[in-house]
Each structure stands twice: as C-alpha cells, then as structure tokens.
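The following pair of complexes shares a single chain, subunit A, combined with subunit B in the former and subunit C in the latter.
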Partner chain A sequence: MLAFENTKCECGHQNPVGTVLCESCGYPLEIGEQENDAPLEMRYDGIARRSQKSNPNVIDRVWNFFSSVKVAIRLIIITLLAAMIGTIFTQENAFISFDPSTYYEERYGWIGKWYYKLGFSNTYESWWFILLLVMIGTSLVICSLDRVLPLYRALNKQQIRKHSQFLTRQKTVYTGPIEGAEEAWTSSIGAQLKRKHYRVHQDGSALLAEKYRFSRWGPYINHIGLIVFLLAVLLRSLPGWAMDNYVTVAEGSTVQIPDTKYYIKNEKFTIDYYTDAELPKELKGTSRAKLYETRAVLYTCSADCDDPSKQPQLTEVNRHNIVVNDPLSYKGLKAYQFGFDDTPKLKAVNPVLIDHKTGKTYGPFNLVMKDPQLTYNLGPYTLELKQTYMDFALDAEGKPTTKSREPNAPAFVFVIKGPDLAADGEPYMYFPKQNDKVRFSQDMINGELAKRFEIKVPSMTGVEFAPVETSLNIRTDRAMPYIWFGAAISMIGLIMGSYWQHRRIWLRIDDGEVTLGAHTNKNNYGMRAEVASALRGIGVVVEPKLLDNGRNKS
Partner chain B sequence: MKKNRRMIQLVIFLGVLLLGGYAIGHSIFAAKDGQLPRKGSKPPEFALLGTDGKTHRLSDYKGKALVINFWGTYCPGCVTETPDLVAQYKKHNGEPLEIVGINLGEDSMAVNNFVKQYDINYTILRNEANDVQRKYGLRSYPTTFFVKPDGTIMDVFVGAMAEKDMDERITKLLKS
Partner chain C sequence: MSLLDFSSDAFIVAFFLYCFGFMFYGITALGRKWSDRSPEEHVRRWGRIAYFVSLLGFAAHLTFFFTRWAGGGHIPTSNMYEFMTFLAMAIMFAFIIVNAIYRKPLLGLFTLPLVVIIVAFAAVFPQEVQPLIPALQSIWLKVHVTTAATGEAFFAVGFAAGLMYLLRTVDFKQTSEKAKREQRWVEFTLYVIIIIIAFISSVFAFRGAGYEASFTQENVTIDEKGIENSTTETVEYSLPPIFKPYNSQVVAMDTFLGMKEPLFETPHWMKGVNAARKLNTITWSIINGSILYALIRLALRKRVGAAIHPLLGDIDADDIDEISYRAIAIGYPVFMLGALIFAMIWAYIAWSRFWGWDPKEVWALITWLYYTAYLHFRLSRGWHGAKSAWLAVIGFVVVMFTLIGVNLVLVGLHSYAGV
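Showing the complex of A and B:
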C-alpha cells in the first residue's frame, strides 16, 4: 500500500515511508494534500511512525497491530466494559467458602447462571482479563516507542525555515507587509518572544520560537508510569508478595497465620455497644457497636513450626490493639479487624453424679467438649468415657451419629463401674443440655440405670462457654510501594502534558511580506493572544481573533 | 540501525511473552483459595499428627501411589466408604500404595473409636485446626484425591465412592 509512495520532498529531503509532512521543510507530502488549504494535520509533527515499512513481515505485522492507537483504544474499551460487568455481582474471591457453580444461579436466576458461565464471576483474575491487560501493556510500550523516538529526533533538529504552505496552513496565521530591514524586523520580534520565555532560533529572515517542549514527553512519562504500575501488579502474583487471608482466633488462643512463619494471639476481644443515652432517638433500643477491639500479639516461629507433634517456638515481635481501620502492622504484614463471633458455644460442663439409692452426690467433675479426659473417679465409682457425639442424631439405620463437629447437641457415653454394678461396668448416656436430654429421651436410653444414677449440672455456674472469637483479615502487599511509584510517575506525566502546552511560532519574510504560523497542541486561544501580543510589541496591531485561520472552530 | 531496531522488537516481544505468559499461566493454573487443586497439579504440602502419635508429611509419600481421603465421623458418605477403603488397602498389600485419611477437626476419642470400630488399617491423620482442608479447597465431604507416584493429582472424587469407583481409580493409579 505504501510501497509506491514518493517520499522525496520538493526541497530535496528524502523522507521515510509514511511521512505526512516533510521532515525538513514541513511541506505536505500526501497525494492531493498540496492543493488543499485546510489546516495541516500536525499530529507527531507529521513524522512517519517507526514501524511503518514498505514490506512488513510477520513480526512487523504484529508490531503494527500493537502500534495502532485505534487498536489500543478498542482494547481499553473492551477492558473497561469487562471491568464494569465484573462489578455487577459479587465476585468469587469475596467469599471465603462457597460453591460458585450453584451460587450465582440460585441467587440471581438465569442471569447469574450466564454470568458464571461466561466467567464474569471471577473477572479480574480470569485468564482473558489478564490477557487484555497484557495486550494493553504491550500496546502501551509499542505505541509509545514507535512514536516517541521519531518525535524526539524531529523536535531535536528542526528546520528553522519552513515551506510557506506549512506556515499558512497552521491554525494561527499572520501575513502582512513589514517595514524596515527583514533581519532587523525578525530580530525585534524575536526579542519580544524571548520576553515571553520562548527559545528563539533565527536563520536570516526566518525564525523559530518554541517553548514548553517538555510537555510533549508528558504522555510517554505517563505511559512509563502505567507500565511500572502493571508490572507491580504482576509482581503480586509471585509467591510471598501478596496475601489476603482470614484467621479466626478465640480469646486466649494463638493460631498460625497460614503460609507464614507468624503466629497471632488474641489476648482479649472487646466489643462495646453504645448506650441508649448516646444514641439518637431513632436508634434507641438497637445494639450499635462502638468498638471492636482485639488485643493481639504477633509472634514469629523460630523452630518446630510445622511439626504438630511439637510445640512451636515463638518469639514476640509486635503487639497492638487492633480496632477497625487500625491494623496491627509488622514488616508489611497487616492484621485488620474483620469480624467476631460471640454466639455462646459450650466449652465444658461441671456435672455431679447422684446416686439415688444412697442419696449421695459425687463430684463435680470437669467434662470438656474437646478432647475430654477418659476416666473420672467419683467416690466409689469410676466413669469411663467411651464415645462422644458433638451434634447427636440418629442416622437412617437408627444408629447414633454426629451431624457436625460443633457442640450443638453433645452426648457422652460413659461406662460406670463400681459397687453393685456389672464387673465390666454399665453404659450410661449423658446429654449435658436439658432440651437434648428430653428430645432424645435420655432416661429411656439408660433404662434401669437411670433410676439409680443421674449425671447433671447442679447450677448454671457449672457451665463454661467457649471464649469469643475474633476474625482477622491478614494482608501483605509488598508490591504496594511500586504501585505508588508507578502511579506517581504516571501523575507527573499527566501533569506535564495537561498543564503546559508545546507552543511554536515560525516566520519567514519573502520580499517584504512576513508569513507567520503558530502551532500548539491545545489552547489555540492562548496561542493567538501570545502572537498578537508579540506583534503589538513591535507595533503591529492585530486582533487575536483575526489570527484564527478560520477553517476550524477552536 | 536496522539490525538494532529488529533486536529491540524481538526483545520487547520476548519480554511480553515471558511476563504475559507468566501472568496468564498463573491465572489459569494456580489453585486459588476455595478451589480444588486440579488434575495434573501438585497437592499442597501438609504436616499432621497421625493416630500413631507421629508426624506425617505429604513429602513422606513421594514415589508411592497415594490416596488422600478427607473424612469425618459426622459425614455419612465418609462412613459408608470406609470399609471399602479398608478392603482396598488390604487387597493391595505389598504394592506401592498408601491411603491417608485426614480427619476433619474431630477430637482424638471420636477418631480413635472410629478407627477401632471399622478396623482401619491405613494411616489416619488428625487436623484439628482444619487448615489442610482449606488449603485443599474442600467444599463437601468426603473428597478423595488420587495422587500419582510423581506427585501430581490424577483425579479428584467429590462425594462418597462406590467400590467400583475406588477400584478403577486405584488400579489406574498403580499402573501410572
């Protein structure tokens, strides 16, 4: 397509394929452009992109694909759309444990089903979303590289004397007769422009004044920042760079933070509610939390960390009272208050054994739900624990079983040994909870023995509940400084490109007639005002409005 | 100059392929929390106390065909498949096969009674902290992992296995 294009300008300069405006004099090279008089397309100063070639091979074609801004914009739009769709329903990673293959359909119906099937339930971690990001990253690098290098070269060796058509086809143009010597006139307007902080280059009666060129590098610096940002995000997928875990710690206990050498202890969990006096009228009588606080201690483990047959050796490294938005923080590891569970869970009971025959009471003895002691000596009797069921039920065959490992309906099977009992003891089933005792008819199960013995908790003080559990969200994100760094670079580039404009003014004098053209990448209004002001400085009064080339609206 | 340009192109493409390939590969193959390790991936390491009082690690079973069965006495499916597991282990006695039953957070009495009741001949490990099941992304019980001698997962079976399901997989496992 580009193969037969004549790239030699009338000024004699040989331009690379794809050049829009002659690199040397600015004369338009595209066929049919010379006869036109509309303002020139000044994008990238009319240079050829680096990759524009006459005989592209496969690598060039891939390169050209990524070098296209059109492609980049499409990629960005697709990514944005996908990212938007990903916000509609809760993403999979927000749940600690659930089954996504049924959840979405059950919760949202057929939309949810398709949402899951099309992979939007895990948008941001899906392979296709990452692929889109990788493609945007590639496009970012290639687009920038393809344009910044030729642009740098073009701006570095600018011809001062431009083709007059290049000047008259700028958006800000002035033509008029001059008084006095050509070079002197040029020098005096040069002096005016210098006062406006322009860098002025003069070549006889031709002049080039330029300022704020650095703003042209803004977009590229912005892109470098984005690349750093993307690479930093990529770093997070390396093992140990980012973690987002939850631990549940009962008051008084210490647990290991998964996949780390750290252990965390919950010394005390406090939850405070507002009193009615502190609440506004509408909220009186409701329980509003004032404070959730976990007094936490962080330990590192130096030895025996993953050997369950030994106690890990812990060293305290940090302690902190964690409240919402005030995490414990140690070497990049942060523990946030996430939730708590204060529903009462049975921990232990202290029942007594009553011998109805003699009327004597033995005990109490401490019967814990988790890993109970196996024998209890009570006066002349011995209780041997044979079986426990934490959540007692009968299965399909009518055999006793447990529904879960939570002590919701605990049941204990003892063998009682002692005087007047069978030599190898007699079984006795004990339900610590009164309602279970009735529900599963404890006395009927125990039969005759129920008439002689009773195991019961004499008062509420004999019941111990498990301590409140706090749940903490443990996070590390070692990539965060790099993400901030990338974001900062990107911001610097954005500011450079947004708050400064690259302004250039060219002029040439031919036979007592000056032709002046000025170009800026934005704010043409300000550009015209500056030109008018410089002209006024040497006695040429012209309305800024009249400098408008008129063929565009800016 | 021309050569230089081609070099830069190739270096950039290589970089994109490496970094992009890593990122995409990671999103495809990494087993995330709450997801079962896939077939072909390596099961997560564990170190657990057995009913024999010793510490057992996944790495101890390297080079052997391994069946990892997650179970609890409160899960009816686990209970029904236990006698079949016992029979399988007996049947393949002397062959390089190990069966490991990881109990889900019950106390020693519940586990020991169950082991006695069913005459369990294979290794039973206790996991009171319940962290291993989380690492393995378990959603329901029982779940059984069939691990080849090279340490990769051949198959994952969710739910109670019939004798045939078990036999087929173990036979295949021993051939691999």
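Showing the complex of A and C:
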C-alpha cells in the first residue's frame, strides 16, 4: 500500500486509504480504474477494510494475515485435507483396548506404521488439528470485524446521487431518453419500485431504491454462530463440563454411576427380534433386532453415601424405559442404551467334593465366580483357593492365562489339605464347565490326585447363571445448549444471506437522459427482471437480457 | 397386487419416463440444425415436451416413494437402494426449482442423464423393504436423511450445470497447452461417467443372465496373545471372477466365454469388507467402460466432448455459470442443516454424542468445508467461469464419495446403509 496514495475523490470526499470506490459518489479511485469500462468490483461496496492501513505494526500484520479471505480459504482446505487423511485408517478412539503402536503396522504394513508415527491415527485430537480449528475461528472473527464495521458505515450513509461512471459500470445498466419532467419521471419509477417492496429515496432527479439490506448481515451472523459453536466445543474440554461413563447393570441390580451421587437400576432388559412374518423373504431366518429396552430407575443417594459399612439409602428421582433413540434424561444427566450381554454366564456353582477312596461326599459348597471365598471346609478336608482364571486359555508359550474378566471359561486352582495328603496340601485344578473340563483335560492336569478326588456339580440345580446385563452410556454435557445455540444462529445467518439478496437501484437524469444502474450480490437474473418490470410499469419496454452490462467478457 | 409391487412398477415407469425425458432433451439440442422450424421455436416446443415427460417421471417417482412408504411402514430412506432412489428424486426436485428460476431447457440435457444413472445405480442394491433396526427408529430418519439429500441434490444440479459450462466453453479446436489440458480433463470426466454406466450395465447384464460364482475363503488371524484363529466364509460373485478372493477355493462357478477358472487372485493386503469382490467389480467396470468409450469414439469419429460441444453453441456461458453457482448457493444451507445440524441432533439422541469423528460424519464435514471454500472462492476475482465449474464438478465427486464411497470403502457406524 502506498503511503502517499491520494484518496480524495473528485467529488471532494476524503476517503480512507484502501478505498476502491468513493464512499460518497461511488467513483472508482484505484489507479487505472477510471479509464476502464468493465463492471466495477462491488465487494463490500468498495470500502476500505480495517486491515488496509498504511505502516502496519506487528499486531496489524497478524490482523492482516487473518483478515484475508485467501488465508481463510487456505485454512479451510488444509483442514479438509487433514480430515480426509484421518479417515484413511480407523482412528484410535474407535477401539476399546488395543495397542496402537503395533496395530497399525501389523494390519497395514509400512503405510500403517508411518500413519501411526506421524500421528494420523489420532488426527482429530492432535494439537495441530485443534490449532487449525482455532485458526479458523480466529479468521472468522477477524475477517468479519474487518469488513462488517466499515460496511455498516458505508451502507448507513449512502449518497443518493452517484457518479455516472458508477452507474454505467454496474452489471445491470439502462440508459435512454425520457419523456416529460425529470422529477416526475423519477417519482413515477419510484412508485413502481415501492410496489416491489423497495425503500425509495429521491433527491430531485436522482433516486436510490434499496431492499433486503438485512441479507448483507447474514454472513456475519453466520460467522458469529460458528464462533459460538467452536467456543462451546472448546468449553467441553474443560474439566467438569462433560462426563462420559459406561455402566454395566445386570437385570435386577442397582449400581452407582461413577463419580456421581446417582445410582441406576435395571429393572428389566428386553431384546426383541423381528419375527419371520415381519421380515421380507430375503431376510427370513435371520435375527434382526427390533427393540433393545432397559427399564431403568434413577436414584440419588440421600444418606450413608460414603460409609462402606452401611447400605446407601436411595431415593428414586426418575424412571424411564430407555431404548435406542430415547435416553433417560434427568437434570442434564442422560443414560443411553449402549449395549447388552445376554450370553449365559456362570454366576456361581454349588459343587461337592467326592473322595473316591472312601466313597464319601462332602459339601456342597458355594463357589461364586466373582470374588470367591478363599477357603472352604469340607469334612476333614480344607480347600484353599490359590488361583482363578475367568476365561482360561493357554498362551503362545503354553502357560495358563485368562483372555478376559468375563467368566466364559472359568478355572480354579485349589490346594487340598487333609488326612493322607502332603502337609502343605496338593494342588487340584477345577473347571466348573463340563466342556472346558474335557477341552483342557482336567484329569490329566490333576494326575494322580484326580483318581482320589473329584469336585463336581451333582445336578443342574447346583448351577446359578448371571442375569442379562445391559450396558448404559451415562453422559453429562453442559456445553450442549451453547452448541445448539451457535448452530441455530449460524443457520439463521446463512438463510438470511442465501435466500435474500440485497438489491439496489440508482438512477440520475442529466439533460433528459436517464442513467440507471442496479447492483445485487447474488442473482443478477432476478435483478434484471425486476428493473425491466419496473421500467415496463412506466411504459419503457426493454428485454431483461439487454440490461446485462456483460460480465467477464473479453 | 400389493402396494409394494405397485410401488416397484411405478419405479420402473419413472425410470423409463426419465429416459424418454433425456431423449427428448437430446432432440431439443440436436434438432435445432435439422428442423425446418426456426431454432428458437424448435427449442421452445421440444424443451416443453421434454420437461413435461420429465415431470411425469417425477410424478411416477413420487408415487413410488409414497406407496413404498405406505406399504413398508416406514420412510424409504433406510438403506442404500432407498437412499439412492430418494437422492434421484431430490435431484429432480432441485432441477424443477432451478429450472423455474432460470428456464434453460438444456439444463435438463445434463440433469436427466444424471437422474437416470442414479436411479439405475440404486437398482444395483438389494431392493426389499427391511424393517428398521432400533438405531433407525426415530423421527430423525425422516428429517435428517431427506434434508441432507435435498442439499446434495442441489449440489448435483450445480455439477450438471458446471459440466455443461465446461462442455460449452472448452474449445476442442484449440491447440494451446492450456486448451489441451482442459480438453483432456473434460474428456476424462466423460470417460469416468461412461465407466459408471458400464458398471451398472455389467451388473444388470450378468444378473439378467443369472451368472453366479462362489468361493470359500479362509481367513487366518493371530490375536494379541499369539493364538491363531482361522475362519472360513463363503464369498458370492455375480460377475465372472477376474480376481478371486485371496486364499480361496472355487465352490461353484458358471463359465463365461470359456473362462472356467478365475484369472487372478486378489493380493493379500486387500482386507476390507468384501475387498476381492469390489476389486473384481471395479476391474469389470473399467474394462467394459473402456470398450464402451472406444465404441462411442469410433461411432463419433471425434472426442466425446468435441461431439457435445457444438450442441451447446448458442447458450450464454455466463448464464450457466450463474446457474451452477446459484444451485450450490441454494443447496448449501439445506445441506448444512440436514447433513450437519440435524445429523448432530440425531447423533446426540441416538449415540449420546453430537459428534464422534465417524468416517461418515467426517466426510459430511469435508463436503461442507469444500463447498464453504467454493462459496468463498466466488467472492474472489478470477474464480468465476471455468475454475468455478471445475470446483462444482469435483465437489460432486466429494458428495458421491461421502454417500457411497464411505459405505463401500471405509467402515463405521453408518455401515448399515451399505450393500
């Protein structure tokens, strides 16, 4: 920007540096522009933006950087590309438990290895992606401020009589001789435009008609909404603003929601599948879920909450049949149907100890899967529990291990003490499930001891199964109202700016010759049709197409 | 006859009416030269006939939609077939709106074939009415899907107008480096469209002939504890296997042109869901598309773009540029409302979070960012005309990837909308 740029217009108005079209009469100020006759660049009405200062300092430079639409577009494109890269492979947060440092390489080879190393396996939580979003937010604020204030000023003090070059270089132009008195002609076209909902300002034989100016504020309102939205998203990362927990509740039981005073009870869990009659013939015989429902009751703890020796006293506060798409909701806390587990799982067995030597049977004793008792006294014998495996398996080296904490294939290692046995007892491995007993060769493991002792469940009544479990996702999200508010504001602004167009018509009559120019920021088609229709209203017939001043035509 | 059967018939009627609509638009464009009437009179008359037939097609399409809704018990937007038919219907709707504003008959010459292709593409997917799984039992199925598709439909019209602009303005006689590059890309775009037509035709040709082949594939995986698990699954092909699944045995295979054995095996690193079948289908589409393209070139004796270019001779290029931009500007708020805001509301109700970086969500965001960039580009000097038209064309590729590509290539929570 030249420091000594002359910004005084020939009409006498002193414009700020960077002005493209005189704020008062609209005469083009840029060097070389006056001789040109191409349509004018009407962006922001040719005003000087705040960033177009001479001698910018450091803050001005930062401001100038973020005030550029080109920079904004680049930021958008970089974010877009980063978001694309993040969808190439499944992101880390989609897995519950796995080791990302080996997973990507094992599954996708060297590409996966580098994908992980470069941090793309966690794109959307990475510092650089968040930085991009913050930069877009900054750009939104600065771009808007840079333009909206000068634009507001410019539109607020519009000159009615514009320079004739300003008029003839609009995209919609009409010139022609008039009949009758100049002011009367101007008033009559003014009346026509009023009928088309224009606000008409007349100054002798000059006229300015304008409508839907509010649509010019649409983009800025949209940007404000987006800023509110982005700030709300950032708020969510503050501690205490968002909670995300999962609870697993067996039918009939009540559990505490971690980190809260709330308890939730699963009264009944239902899964329904579509019957064959409801399914089309291609899907008959398949199980297609129809309903997952948890009848849930929410309690708060009213007394004895932190005393482990007492049962907490609960007060019911809410009750809801939670289904997918219909969570329980209470004071900002929401409980969503997330999953379920209806595979039959052992809860406890009641086995007996048989001494084959004497033929005597001792017991039964109650062996629960989760947190079992450590010693069992059975007649002359004592069973001491040394080791438990809930989901027994042998690892690559052949050592016993457990695949999960769910009692899918439980195994117990007891030390049996008693008469005729070694002083510190002898180990005995017990698989409560018959198929596991065969699969893992219980008798071989126990060797000689297997001939003397047997632990077994005498009948099915000795087996207790755990009830169906539902898993619920418990959430609080205090930023949600701001998120929705931001989205709504943004949408309102977008609709204002997209479905209405700011239209202005200027005209001046000089020596019996009218010059009319019209401008709109979108839809020049409609603009031309409207001008043609207004002219037709006062008896000037002209094809809308002929009003077209030509655009980008070389 | 049940309501659903009636619905399917209405769909077929709509398809043929769209085809006729396209043909009549073709006559509108072609016939200006050989008719004895004045060209304006010809365009006016045939443009009106073509538009009327297209409207009839739209009416049949609406009949299909509402009878299927009544017969199926839920809005038909719940799987790929239903969504694609809805998208085609929405494109017709967007075309009617844009046509009402601008009254350019030849816009139909580009929109109608797009609708025909999408309708035919929809029919590739299984067509039975599937009762809704719990995740889809929500009023937002109606609201979110329909608004998102309507926004995308306007982008589709923007694409049609953008392509029309390019075919109108790219001069196939010039030999400058820039002109040659533009000619190549326009021709490539048309080639891709021909490949898509070839894909749809191949699927229907082999389906019509009842072609079947099946394989058993053994998958070996080693889990984190070093335990080897192997599973076998059956893979069904409806196109002759150029590529068979990795590590698989033929169970049964019809012969095709003397081809009794699969020609190649899919490389082991292609592990996506049904990766082998997709590779096979893509290979067939490219082969048949190339043959089809070569035949068209032979018949025309010039490039396809060069053959279409003269048909658009007297259309004002600036008008098409504006139509393309306007269609996108109309669609953008609708898209944002449907594909982002309504999507977030539904995600918040169904999945407990309004945003989770699921691939489909991310791609909706990418589409939105793309068109945001487009709208900002339009504010800059020098981004009208050809550049803007290219952006509209590429934008629609992004839209289609979001709608189809994500379901076929990437996986995620929206996978139930897949094949």
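Points to keep in mind about this one:
The rule is simple: the second predicted complex is superposed on the first by the 396 of 554 C-alpha atoms of A that agree within 3 Å, B and C clash if a C-alpha of one lies under 4 Å from a C-alpha of the other, contacts with A are read in each partner's own complex, and residues count from 1 in each chain.
The rule is short, and it goes like this: a contact is a pair of C-beta atoms (placed from the backbone, for glycine too) under 8 Å apart; a residue touches a chain by one contact, two chains touch by 3 or more.
Keep in mind it's a predicted model, so treat the numbers as computed, not measured.
Legend: residue contacts after superposition of the two complexes on their common chain; A:Lys334 is shown touching subunit C, with no touch to subunit B. Of the two partner chains placed by the overlay, subunit B and subunit C both lie in contact with A:Asn93. Once chain A of one complex is fitted onto chain A of the other, the partner contacts of A:Gln387 are limited to subunit B, with no touch recorded for subunit C. Put simply, more of the residues of subunit A are touched by C, taking subunit B and subunit C as the two choices.
In the superposition on chain A, A:Ile31 makes contact with neither subunit B nor subunit C.
By the touch criterion defined above, A:Thr401 lies against subunit B and subunit C together after alignment on the C-alpha atoms of chain A. Of the two partner chains placed around the shared chain by superposition, subunit C is the only one that A:Leu494 touches, whereas subunit B remains out of contact.
Of the two partner chains, neither subunit B nor subunit C is touched by A:Ala423. Of the two partner chains, subunit C is the only one that A:Glu41 touches; subunit B does not reach it. In the three-chain superposition model, subunit A touches both subunit B and subunit C at residues 93, 98-99, 395-396, 401, 403.
The touching residues of subunit B, when paired with subunit A in their complex, are 5-6, 8-10, 12-13, 16, 19-20, 22-24, 26-28, 30, 32-34, 47-49, 53-55, 72-74, 76, 79, 104-110, 113, 129, 131, 134-135, 139. Residues of subunit C that touch subunit A in their complex: 101-102, 126, 128-131, 133-135, 137-138, 140, 224-227, 269, 271, 318-319, 322, 326, 329-330, 332-333, 336-337, 341, 344-345, 348-354, 357, 359, 362-363, 365-366, 369-370, 372-373, 376-377, 379-381, 384-385, 406, 410-412.
Per the touch definition, subunit A reaches subunit C in the complex via residues 41, 43, 69-70, 72-73, 76-77, 79-80, 83-84, 86-87, 90-91, 93-94, 98-99, 107-109, 124, 244, 274, 278-283, 288-292, 323-327, 334, 336-338, 393, 395-396, 401, 403, 473, 475, 477, 480, 483-484, 487, 490-491, 494-495, 498-499, 522-526, 551-553.
Residues of subunit A that touch subunit B in their complex: 50, 59, 62-63, 92-93, 95-99, 125-127, 129-131, 133-134, 137-138, 141-142, 145, 231, 234, 237, 245, 255-256, 258, 306-309, 370-372, 374, 385-388, 390-391, 395-396, 401-405.
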